[in-house]
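Listed next: structures, encoded as structure tokens.
Common to both upcoming complexes is subunit A, partnered first by subunit B, then by subunit C.
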Partner chain A sequence: MEPILFAVLAAVALVAAVATIAWRNPLRSAFSLIVCLFALAGMFVTLFAHFLAAMQILVYAGAIMVLFVFVIMLLDLSGHGSELKLRILPVLGSLAVLAVAGKFAKTVLSTHPLVTDVPPAVPDSFGTVPGVAELLLGQFLLPFELVSLLLLVAVVGAVVVARRRFWREGK
Partner chain B sequence: MNDLFLLAPVLIVTLTGIIVLVMDLFRSPEASGGTHLAWLSALGFAAASAAAIRMWPGSQAPVEGWMSALSVNAFTLFFWILLPLIAAFSVLTATGFDRENNLDHGEFYSFHAFALAGMMVMVAAVELFSLFLGLETMALAVYALVAMRRTSARGAEASIKYFITGSLASALLLYGMVLFWGETGTLRLDELGRVLSAGQCGPILYAAAGLVLVGFGFKIAAVPFHLWTPDAYQGAPTPVTGFMAAAVKAASFAALLRVVFVAMLPELFARSFTFVDLAIAVAVLTMTVGNLLAMHQEDVKRMLAYSSISHAGYLLTGLALVPQLGSGDASLRFVNGAVLFYLATYGLATLLAFGVLARLGRGGDESTTLERLAGLATRRPGLAALLSLALLSLAGFPPTAGFFAKFALLRELVVVGRGKLTILVVIALVNALFSVYYYLRPMVAMYMRKAEGEEPEEIVSPTSSFALILAALGVLVLGLFPGRLVGVSDQAARTVSYKVARGLNDGSLGALAPFAAVQSETDPKGVGASAAVQTGSGDDAVGGR
Partner chain C sequence: MLELVLIAFAKCVFLFLAFLLGGAAILSWVERKMSAVIQDRIGPNRAAVFGFTAFGLFHPIADGIKMLFKEDFVPARADKILFFFAPVLSFVPPLLAFMAIPFGPPVAGREWLMVSDSQMGLLFLLAVASIGVYGHTLAGWSSDNKFSLMGALRTSSQLFSYEVGLTLSLLGVFMVYGTIMPQAIIGGQSELMWGWLPRWGIVTQPLGFILFMLASIAETKRAPFDLPEADSELVAGYSTEYSSMRFAMFFLSEFVGILLVSAFGAVLFLGGWNIPFLAGDAWWVVLLQVGAFLAKVGALVYLQMLVRWTVPRMRFDQVIDFGWKYLIPFGLLNLLATAVVLAVWR
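Presenting the complex of A and B:
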């Protein structure tokens, strides 16, 4: 049951992701992205990462998508055609890449089995809030703190790039 | 608590960034604070470098607990000493330029600090997640630096190109790392290496390794992932270009070396002919394409961008050597040592070159074309001499540091390659010869041509001159007396070997026992090894090649 559910959700996520970049209308892109994010949350559930699934819906499908939609509406971008456009050159390019990748994959697959029979061990607390908290504040404390530095850089960088002018400009 | 001290250099740099950012709030909007902020950040960076020097040569013992994501060994410390120095030179040479281009704000300097902090985490990471976070911190700060010059259309183009291709590279890298995790259940490099060597190397792992290597290929601007480089380097503010070419490239190379040598060696490279061929092909392509395209550039800044691509090619020959070695671990570290030495000297010369270029042209108007360079020797003989020195070092003329770096690297190719890599050596030599042509062109313009029409003005900045002279002295001193740095590079390179990394995590052996194991293989008598272990120096057992 779970593998089938996972496959269906993965297919939905892929189609929605392609639709996100293929729609000409930004609002439709945004809604495709919502579908993609929900499908991802469903995949997390099938992988027993319930906490992550809840966070995915709250943060991404909820808060961030609202921001996206607000920005799109404020900028009034919605009037630029609604057709689904897949141009020919990118498609040909992807096919060429797939052909090369397929050739590589064939070489490798001919010498190696696809599925190794030892799945990585998963502790009981996997995916629960205590389990995640223990990882975040234990083994991954340093990366966790690093993320705050990363966010600081991102925020200051965004402000600097988006600011209309520096103090002495335009005086 | 002791673990926290190990992080001191990174903490100092991060704090410097925050202090500079806050200090900037307290100056009046009219005052130009560039020079003060530059000195403040440079002092902070120098302090971090000094702290790293005090910690040398670090500890081999793995740190447990929350610090286990980082390893503060000699390899890490080498870059913790080198990268802050590069950043310090970079901010000092930016004074004057920042005033003219309205960049003398706290953010400009604190982004240098944050990028540096990211790099320092990246070179220390022995676990892929921290490595990625360090890399992204660095990348975001540098994107912002490139985008900061608002008035220039070329700058905007550069920032968009750099941002898009950089994000693509990060995404590839991340995807590769995720596949590694999905297949092995670990993100630690040494454990990845152990899984790979245990022979459970499934097809997914090949895909993962491929994605990670391609991601790094973008970051170090190897051909065919180099297309963003010329535009990004040309459009970025000139001192930032120097920072990108010297520091970003060195940090990316360090992380690449650690990933390849600790996690992927020799299993992936030795077992699969594709990776060997690809490593050699990419090295050859990178140096040749970079060189050929550099020849026709009329803009020295763009020419140096292409030249930085070709230098990445020389450095990649170190990776091409790997499959020739098999289990000859001792030789491996000599190759690595030569690569580290090359990175240091290349970084210094590059900073010097871009530092001089930053001084040309006032009021945000960069005059770095060959035409505008004409007659610089009569207008500003000092700047002309400094630029010439940098170009000579990049070309590899004695007695500059660049000569010794190329010599050491090619020598390792000949000696360690045991004749199998003759073609690669010949190609590298021919490339080095061709490169002399385009490195000499700016010198011809400066010394033998007269300026036509209106003479361009240069920026006056004593701080920048001070830093440039220091860098020039560095280039000369390292060229005349390279011994000390060579020793340090070798010592650093030894700690990034896969045997050391894996042996240490056995747990059954003492902290230094893996050294003994490695050295007894190379030293048939085994006497030097045990003696070295007892004294704890380990230096004198190096010569067992």
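Presenting the complex of A and C:
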């Protein structure tokens, strides 16, 4: 059952990811990305990471992508986005893809054989809310709190940057 | 494996046909009759079969047949693919979300009255329901119509704002009962406080219940929060260019959405299928408990419809202000108070 699910989800994720960069229309790209996120969430479920899967959909597909779509609709009403025409971008992009692919290939090859018949040994609480909570709020409490602080700084910074223009124009 | 899949499929079909389609059809009748009573009219009473009108109960069927035979119109400059997917995307998520709603207690040790008892619990419901916004947003954007686009923009900003408040209002409940699994939350609510008071969510989280009701009315996009389709300003908002069965899907998804938030509220705040002082696994107890759950859902639907036909529409900046400046701070306050009380209690 799992290999079939993996094949289907992986195919959907790949097609959607390619579609994300292939569509000319930014809104179609955004929706392809949402499909890709869904496929990834499905993969998390097959890996017993239920909480992560729910959060993937709730936070990324349900909240962050809504903002993306909102901004795209506000900025680009005609549906034909301005295309960035920088010659250097394809070269840089290819290099980045090659670097990431190389790293993945190295990891995969070093853990050969990749597919085993033995299911991974995980505790029963793995991927459930109590399991994730114990890790996040116990073992990784300090990094978790630091990330919250980082996000808070980012929010305050965004507000300051956005409000500066109003302050100048206003008073 | 196959048996599990077949059972889940059967449960889905039953849920879809009996509860959701039937429920949505009846709700459309209830809404028309209620609005008529509130506005001192008679309401639908003409559709008749062999001279019987049955208080206008045939109207949902007549509506359905009319919708099926109307012309299916697609604007020439619409984005065909997205225009086609939009109604589907608005209709499917609320249906999927019902998978996490328990309609009754486990019978003979198995969850016969619940489609899927997954580890995600009620997070699944929240996650899937948060996808529904795309249907309406896409519909407005792909129609190539100013009014539709305005409706789509309003939908995405409004639903995004109130989703934060909705989630915050639920966190208190999750904390009090210490779980996100629906059956465990109902189990916690089945206990008694001081030997006589049912420990329902509405008792332990009164502020949370009020915040939840406000946010859920905004999430179903109905008055006083019906800005996305404000008829007097935007014709019909995101669904302006839709006709025939595609429009009917938006129409149905609204009623399924009402049923969903009401069922969600009943599970979290009204004790789900719990009847205080009644326990056991006799068949009539289970039957009564399923009935109690449906009655609680009905009560919340009634409350929603009453609000919808009594309160006038807010202005859009008021809607957004209310979401960010009142709902979310009060939600955070409720969360903090709950945490403090729980910490002291233990």
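In the analysis below, the second predicted complex is superposed on the first by the 111 of 171 C-alpha atoms of A that agree within 3 Å, B and C clash if a C-alpha of one lies under 4 Å from a C-alpha of the other, contacts with A are read in each partner's own complex, and residues count from 1 in each chain.
By our rule, contacts are C-beta pairs under 8 Å (C-beta built on N, C-alpha and C of every residue); 3 or more make two chains touch, one makes a residue touch a chain.
As the structure is a computational prediction, the values presented were derived from the model and not from experiment.
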Partner chain in contact with A:Ala7 - subunit B first, subunit C second, else both or neither: neither
Contacts of A:Leu142 with subunit B and subunit C, given as first, second, both or neither: first
Subunit B versus subunit C as contact partner of A:Ala133, first or second or both or neither: neither
Partner chain(s) touched by A:Leu109 [first = subunit B, second = subunit C, both, neither]: first
Partner chain(s) touched by A:Val97 [first = subunit B, second = subunit C, both, neither]: neither
Subunit B versus subunit C as contact partner of A:Leu58, first or second or both or neither: second
Broader residue contact with subunit A after superposition on the shared chain, subunit B or subunit C: B
Which of subunit B and subunit C A:Val153 touches, first, second, both or neither: first
Which superposed partner A:Arg28 touches (first subunit B, second subunit C, both, neither): second
Subunit A partner contacts - residues on subunit B that touch it in the complex: 14, 21, 29-30, 65-70, 102, 105, 107, 110-111, 114, 117-118, 121, 129-130, 133-134, 136-137, 140-141, 143-144, 147-148, 150-151, 159, 183-185, 200-203, 206-207, 210, 274
Sites on subunit A touched by subunit B in the complex: 104-105, 107-109, 112-116, 118, 120-121, 138-143, 146-147, 149-150, 152-154, 156-157, 160-161, 165-169
Subunit C partner contacts - residues on subunit A that touch it in the complex: 1, 25, 27-28, 31, 34, 50-51, 53-55, 57-58, 61-63, 66-67, 69-70, 73-74, 77, 79, 127-129
Residue ranges of subunit C touching subunit A (in the complex, touch as defined): 1, 79, 81-82, 118-121, 123-124, 126-128, 130-131, 133-134, 137-138, 141, 149, 152-153, 156-157, 159-160, 163, 179-180
